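For reference, the structures are reproduced in the following blocks.
Look at the two complexes coming up: subunit A is in both, with subunit B in one and subunit C in the other.
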Partner chain A sequence: MIRSTRFPLFLLGALLLAIPRVGAAQITIQNTAGLNFGSLAVGGSAGTAVISPAGVRTVTGGVVGLGSAYGAASFTVTISSGSATYFLSLPTGNTTLTGPGGATMTASTFTSNPSGLIQQVPSVPGSQTVTVGATLNVAANQTPGSYAGTFTVTVFHF
Partner chain B sequence: MKKILVATGLFGVLAFAGSVNAQSASATASANAKIVAPIAIAETSNLQFGSIAASAAAGTAVMTPAGVLSVTGGATIVHDGTVTTAAAFNVTGAPNATYAITLPAAAVTITSGANTMTVDTFTSNPTPTGTLSAGGSQALTVGATLHVAASQAQGSYTGNFTVTVAYN
Partner chain C sequence: MTRLRESPLRKSRPPGRVIAILLLAARPGAVAVSPGVAESGPQAFSTATAGVSAHVVSGLSIRKTGDLEVGAVRSGSTAGSVTISATDAAAPLRTASGGISLASSGYDAARFVVTGTSLSPDRLQLSLPVQVVLSRVGGSETVVAHDFTGRFVGDCSGAGCAGAPITLLVGATLDIGADQPGGRYVGTFTVTVNES
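Here is the complex of A and B:
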């Protein structure tokens, strides 16, 4: 038979320690800048425009880069408690950018800095900036106009 | 003793259950690009040196991009009403874009039957690059130097030359 005063105290202590960890927002991610490939001219042959996580643009094939208004996407990952380690998941496959009259282009091969699945914030609580680039596939004689799309970055924390 | 062990065991189970907590978060970003019209060039006027008289001495006829014709050496301009013009082109493309202009590097041959003359030292306005207007166009004029040999044979001489423009 358990003494009525001691057992409830143990139980209460255990619950008080357990409850704050269940359902708390330990990790958050915020988008602070979009991915912008900038102005591109394309002639008779297809090509690509690549934005690196550092925001450097390179072009291949029949694509010419114009102007300087381009850049990598940027995210802030914040961990408020627990482990400093988290998993970073970039989009796989193709992301579609849609333009005039339903014309499309695809962005793929997303890259990031820092790079890789397993990441760490410098301290807990603490934040880390993750920049993201990708490759845009431009068809020969791609329809001129503005193209837009979205992509999602997911983080996991244990 | 048994009571305390039971309570501690329960405490341990609850504490363990509370620390296993997987969580994920996502953020969506925009991706943008702008495709601009390809650059294009279309001729609006030929390069015309007009009527030139040859002599026993070789000479040249020079057309500036502004359309001013002059001669040197044994060549003489004949004012017979023949039109003389610089070449002219309309360059079109993305508004306010800059572009590089490539003129023929080597001499171009113009012919009249079996007779030939050479045209070289191509010049342009603008040079060596241009800037399209807010409306996406710019006029480009081209001049050159015609080499008239001593006793160059009479005739109408014609030929072609290529001007290339590219966004830069």
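Here is the complex of A and C:
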């Protein structure tokens, strides 16, 4: 009799463990704006263009920023249930932008606002805007034209 | 005989211990659904991909090919102005107003040539001075030029024209006082061209 009552208890425990793993997503992230470095002039020396998470552009070296059409990427993180805390993962390496005739540039050093791995939505259910900037590495005499690429941001909910 | 009785009793106990161990292993699963426990591992994740873009232009250059020449005018007993207009016709126009009359002379808008390999005229942005003071050569009298206007003139239009040199014409209005002393008045101004 003892064995017949305890064994179903074990099964119940295993089912409860499985439910959260296969349930509907409690966190989503959506991209609402791309990261745009805008128009840049470059001559005989290399340089960089940096877009801050606030959308401010600064240039170094032989790069000159032109125009005002540039900005940080923006994402909306939404948590539907559970803890307000989540982990934010930005690209750690280089993202390649491809331009005319297969010419490339790389974007690196991704930064976000709010910054850091551990993030928190104000309340649950609720959402939070995360903006992302990066550094664009421009070579001397970089081939003129339009360049495009993609990068991925991942959020984890515990 | 006593040994034979003991051994069956011992064999019956281990199954009970095994069940107890399984129950302990199952408990953490039940705890996982209660809120606030972080040791249960990731329950969800989500990814989003964003575009990243940039537009590169080669080093833009601008070179002056001609000065803004207002030409000869006569001052009068009342103030007036003379305007070089670069915005309307193919050739710059010169007009006078107030107490100023035009004297026969040559005149022209300032001319610049803009070069850069990815240029197209509709992507160019022009910055002109608000006003510039001209001083009389050999004297201290001044006149003021203002309302600068500019126009880009491409030799062709459309996508195929990217890279072709573009001419920039700049005009302005010069204010001349009543009985302004005669002489040659000169000044300098700077224009800036950006490509967006």
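Here is the rule we use: the second predicted complex is superposed on the first by the 136 of 158 C-alpha atoms of A that agree within 3 Å, B and C clash if a C-alpha of one lies under 4 Å from a C-alpha of the other, contacts with A are read in each partner's own complex, and residues count from 1 in each chain.
Simple rule for what comes next: a contact is a pair of C-beta atoms (placed from the backbone, for glycine too) under 8 Å apart; a residue touches a chain by one contact, two chains touch by 3 or more.
What you see is a predicted model; the values in this text were computed from it and never measured.
Enquirer: Is A:90 in contact with subunit B, with subunit C, with both, or with neither (first, second, both, neither)?
Expert: So A:90 meets neither subunit B nor subunit C here.
Enquirer: Taking the superposition on A as described, I'd like to know which of subunit B and subunit C A:121 touches: first, second, both or neither.
Expert: neither
Enquirer: Which partner does A:50 contact after superposing on A: first (subunit B), second (subunit C), both, neither?
Expert: A:50 sits against neither subunit B nor subunit C.
Enquirer: Kindly classify A:156 by the partners it touches after superposition: subunit B alone (first), subunit C alone (second), both, or neither?
Expert: A:156 contacts both subunit B and subunit C.
Enquirer: Check the residue A:59 against both partner chains and state whether it touches subunit B (first), subunit C (second), both, or neither.
Expert: Neither partner.
Enquirer: Based on the superposed arrangement, let me know which partner A:68 touches: subunit B (first), subunit C (second), both, or neither?
Expert: After superposing on A, A:68 lies in contact with subunit C but is clear of subunit B.
Enquirer: So, A:28: does it touch subunit B (first), subunit C (second), both, or neither?
Expert: So A:28 meets both subunit B and subunit C here.
Enquirer: Could you list which residues of subunit A make contact with subunit B in one structure and with subunit C in the other?
Expert: Of subunit A, residues 2-3, 6-7, 10, 13-15, 17-21, 23, 25-31, 33-43, 49, 64, 66, 73, 75, 82, 95, 97, 99, 105, 107, 132, 134, 136, 138, 141-158 contact subunit B in one complex and subunit C in the other.
Enquirer: For the complex, which residues does subunit A have touching subunit B?
Expert: Touch residues, subunit A against subunit B: 1-3, 6-7, 10-11, 13-15, 17-31, 33-43, 49, 64, 66, 73, 75, 82, 95, 97, 99, 105, 107, 132, 134, 136, 138, 141-158.
Enquirer: Sort out for me which residues of subunit A touch subunit C in the complex.
Expert: 2-3, 6-7, 9-10, 12-21, 23, 25-31, 33-44, 49, 64, 66-69, 73, 75, 82-83, 95, 97, 99, 105, 107, 132, 134, 136, 138, 141-158
Enquirer: Which residues, counting only subunit B, touch subunit A once they are in their complex?
Expert: 3-4, 6-8, 10-11, 14-15, 17-19, 21-39, 93-94, 97, 166-167
Enquirer: Which stretch or stretches of subunit C touch subunit A in the complex?
Expert: 15-16, 19, 22-23, 25-30, 32-33, 35-36, 38, 40-60, 116-118, 125, 194-196
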